[in-house]
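The following pair of complexes shares a single chain, chain A, combined with chain B in the former and chain C in the latter.
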Partner chain A sequence: MAEIRVQGLRKEFGALVALDDVSFSFPESRVTCLLGPSGCGKTTLMRIIAGLERATRGDVYFGGQRVTHLPPRKRNIGMVFQYPVVYRGISVAENIELPLKSEKLSKAERTARVAEVVEILGLGDHVAKDITQLDNGTRQKVAVARAVARQPRIILFDEPITNVDANAKLQLKRAFKELTRRLEQTIIYVTHDQTEAMTLADQIALMQDGRIVQCDAPRELYNHPSDVFGGWFLGNPGMVFVDGTLSANGSGTVVTAPLFPAPVPTAGGASDEPATAVTVGIRPEHIRVATGDAPGAVAADLLRKSITVGRQYLLSLRVGDVAFKAKVTPQVGESLPARGAVWVTLPPERVTLFAPNGNRVDATLTQPR
Partner chain B sequence: MNATARIRQGLYYAVLWGIAIVFFLPVLWVILAALKTKKQIIAKTPVWFFEPTLDNLQRVIERENFWKYLRMSVFLSLGGVMIALVVSFLAAYCFSRYKPRGTNFLMFLLLSVRMVPAAAVVVPVYLMYAAFGWKDTFLGMVLFYAMFSIPFSLWILKGFLDGVSLRYDETALVNGGSRLHIIFRVVLPQVKPGLVAAFIFNIIFVWNEFLFNYIIGGKSVTMVPVQLQAGVNSGGSADWGYIAGLSTIYMIPPILAIYAFQKYLLVGMTFGTVRGEV
Partner chain C sequence: MAQVGTRRLEGVGGIAGARSRPRGRPFRKLDDSRFFPLVLLLPILIFFLIWNVVPLLWLVGLSFYRYDLTSPEPARWLGLDNFTAIYNDAQVWGALGRTLSFMFFSVGLQTVLGVVLGLLFWGSSRMPGRRLALTLLFAPMLLPPIAIGSYWRLIYDPIFGVLNYYAREIFGQRYDFLGSKDYAFPAAVAVDVWMWTPFMILMTLAALASVPKAELEAAEVDRLPWLKRLWYVVLPHGKFILMLGILLRTIDAFKTTDMIFVMTKGGPGVKTELIGLTVWRRGFASFSMGAASALAVIALLIAIAFTSIYLYVLNYRETRGQFR
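Take a look at the complex of A and B:
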């Protein structure tokens, strides 16, 4: 149980910069998900924390202790990889017990620890079985149990449920949720799957191109991405982006964009420039679509509607030459025509503005007076 | 299945069996000869039906030094191959995990001693052994057979170790395991089929090895194959009954071993790249 802190961590593989001077703290006894697309450096960061990889420069601290030069076995960590690593030829219980044997624990203590993790992970029916009789999902549970049974102060998960089939995935996710609720270790969980991160994390650290771009609680990250990347990467589909302009009028600043019938006043975001380009971002499920006109709505063309997960409807829409997607509830979706004219409203409080460099603009839209 | 298909399949099996039996004929000849009298063995028209006799086998077993030679065969084969397995497993682990510069070339060099005809290397090996004073010694012979068995074992085991994900090592490493723990407790059990394959593959070679044993083993460290040759020159003419009897007894262990481990043999011949069901 310790906070993990990395400072000025840099890793280069030849010309490729995998980690670009990352400084970050993983809080004690919490689950932090490292989320990002493939190749963003999340696995490299985790491997450096584990000691399996040497950083080009920078330091790693566990609590107050500098561990940069310690070998993995002296770091007191547990780790679970993408492919279930289990030892063939011995039973599930022996698999879990094996690393405990080098820890100078009494037989009774070892048995107690094995029993405890077996119970948490629901492996009760399998303890006596040989590993080869188990499917991938259960094998991964065994690998997790083995890492947890040692009671390390830090546990690292490297995409542990990527390689199991869909059914087992759900089950494993549930088991992880239960496990992380009961453990008090500091946990880092690497994944590229946002639903996994949303379900399991206390906080999500979003990575892009070797940097941590934002770290927040899942909902906060989802609703208020600090840059365009977060908006685009999270959500399915990601945020809808439309070019707009932020300009001053007599009483304050207003945003103009094709999806607003009239300029929308903002709070904050004042600038000396007469007009600056901004990107207007909104989650597809926050866009309101209706058959009739309403205040703040613009006329749009519904090009296509299709059913997605949870019987929600995904709509392809167009306003002028701006094409975008919206997601609506089953009720709304059913009431809409298959194609044709509809009305679209962007609730101002749901809109996030981004500057041309991709960063969020510190301004919120208000209801037009 | 229609008639033509049935005939095709019948032919197919007939050819298959035919070829297999042709390959088995020399062995069959030896086994039958072991049960014949001297006259029946050298009869001009092969004798197919005869009353089997155990005289030859009895003569083999009762002959002076039979058990000594057999014991020597067992100890040399097992000793040499076991040493080879330990050495080549560790070497293969190193090659597979640390990938030292020039791994491929080194692996090639090691195998080269098995690429040239044995008769070509027997002279330098003899000179080497004479210089070391290892000639005619049990230890020298065991070490030679270890050296003889290491290349193939190394190739087979490296094939297997390359198939064991590095994540095994890393998992054990973060779980607090030392390198020795990783090698022997974590990785070794994963390549057991490879060890069996390397064992069975090399034991067949060493068990039947003649030339080196004859040249550098001398009189004191003699295995059965060299003793067979003694039967050829006994009393002016070849004693075929003795040779056939000794051969028959001597081939029982490898035949049993091959039969029991044939799936591993395939693995061995393909250096671990074709796994089958092992």
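Take a look at the complex of A and C:
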């Protein structure tokens, strides 16, 4: 159990910069998900923390100890790989026990630890089986059991459920949830699957192009992305972005955008700045769509309506020449025509503003008076 | 219709895609035909038939005849007489025994040395000059056994051999390695080991390369001691390739002839006479082609038996699920 801190970590593979001077702290006894698209450097970061990869520059600390130059075996970590790694020719129980044999533990202690993880992971039916009799999902459970049974201070998961079938995925996710609740180890979990990150993490560190762009609790990250990338990457589909203008109008600043019928006043913006371009971002499920006019609504063209996960409806809409998507509940979706004229409202409190450089603007929209 | 569909799907993606292109490609008919693979195989099959199958049948046939090149008589049918004569021939049994112990010692030493050196090479991936060292190490394997036999006869030479120079420097005396009844056999084994250890290094490196990286990394993270790593991680993946190497070496060692022929011609006495040399002696020194053929047939059967044992072992492990 220790905090993991990386400082000025840089990794170059030839001309490719996989990690771009990352400084970050993974809090003790929490689950931190490293989330990001393929190639963003999340696996590289984890492998450097594990010691399987050497950083071009920078340091790794576990608690107060500098471990940058220690080999993996001296770092006292547990790790679960993308492909289920099991040792062949021995049973499930022996697999879990094998690393314990190198520790100074009594036979009774070893048996107790094996029994504990077997129980948490629901491997009870498999303990005596040979490893070759198991499917991938169960093998991965064995790998997880082996990693946690040694009770290392840090456990690293490298996309552990990418290569198992859907049913086993659910089971594993449930097992992880249970594990992280019971064990109070510092856990880093690498994934490119946002649902996985959302369900498992205490906090998500969002990565892009070798940098950690934001780290927050899942809900916070989802609702208030600190830049355009977070808005775009999270959610299915991601945020809707519309170009707008931020300008002064005597008493304060207002935002003008095609999706607002009239300029919307902001709170927190300075009133004397010249007009600037902003990006208006909103989650598709926060957009209100109705057949009738309402205050704050604009007329829109419904181009396509399709059903999606949870019987929600995904709508393709257009206002003027701005095309965007919205997600509505089954009730609303059913009440809408297949295509034609509708009214769209963007609730101001749900809107996030971004500057042209992609960063969030520290100004929120308020209800027009 | 549905069948046509499934047959299309069986093809590899790229090929299936190419097939659906518009017509006008030459050989299209041939390409689609199920005889096409056969046509591709035909040249090598013909070669195999002429150079392997026919001589083999000829050999088996000859083994039932008395056919001496020194006598003007035509070949005479003997039935199994050649084989019973071999059965009662102490010289043949002696040669077989020597061949087996030659196989045992040379393949055993090659395997042990090859595995150890292979592991060392594997573990020293950052050693400077590693590539050069590997290339040099493989040199003996690339030379013809005849050449190797000649080199070593010179190296072992009691008068001006380089080995005896050092023997005299260190022990103060000369050794007639190939001429002495005590040293000739170990000396022959040593040359075979020198020649074929690189092959076992190569097989060991190939076996090690077949171990998934993630498993080695997991073992490192799990802090397994190196012996356990070898046993639980490396061996389960690498043992098939290693077994294949041992199999190939065993069969090859069984038929070692040329190298020994150049160095000792089987001597002193019969100290280094392996079964291949006995066949040669019967056929081309005594010109008894029938008896030599019979002996060759027996040697062939023994080689087939070895192959079958190994294949059975490989197969047995595999069906127990090691590859699944």
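Observations on the structure shown:
In this section, the second predicted complex is superposed on the first by the 366 of 369 C-alpha atoms of A that agree within 3 Å, B and C clash if a C-alpha of one lies under 4 Å from a C-alpha of the other, contacts with A are read in each partner's own complex, and residues count from 1 in each chain.
Definition applied: contacts are C-beta pairs under 8 Å (C-beta built on N, C-alpha and C of every residue); 3 or more make two chains touch, one makes a residue touch a chain.
Nothing here was measured: the structure is a model prediction, and the numbers come from that model.
In the model built by aligning both structures on chain A, chain B clashes with chain C.
Of the two partner chains placed by superposition, A:177 touches none, neither chain B nor chain C.
In the overlay built on the shared chain, the residue A:132 is in contact with chain C alone; chain B does not reach it.
When the shared chain is aligned, chain B and chain C each come close enough to touch A:85.
By the touch criterion stated above, A:99 is placed in contact with chain B and with chain C alike. In the superposed pair of complexes, A:50 makes contact with chain B and with chain C alike.
Touched by chain B in one complex and by chain C in the other are residues 50, 52, 71-73, 77-79, 81-83, 85, 87-90, 98-99, 102-103, 143, 146-147, 150 of chain A.
Per the touch definition, chain C reaches chain A in the complex via residues 212, 214-215, 217-225, 228, 232-233, 236-237, 320-322, 324.
Listed in rising order, the residues of chain A touching chain C in the complex are 50, 52, 71-73, 77-79, 81-83, 85, 87-90, 98-99, 102-103, 130, 132-133, 143, 146-147, 150.
Residues 50-52, 71-73, 75-83, 85, 87-90, 98-99, 102-103, 143, 146-147, 150, 156 of chain A touch chain B in their complex.
Residue ranges of chain B in contact with chain A, taken from their complex: 165, 167-168, 170-178, 181, 185-186, 189-190, 192.
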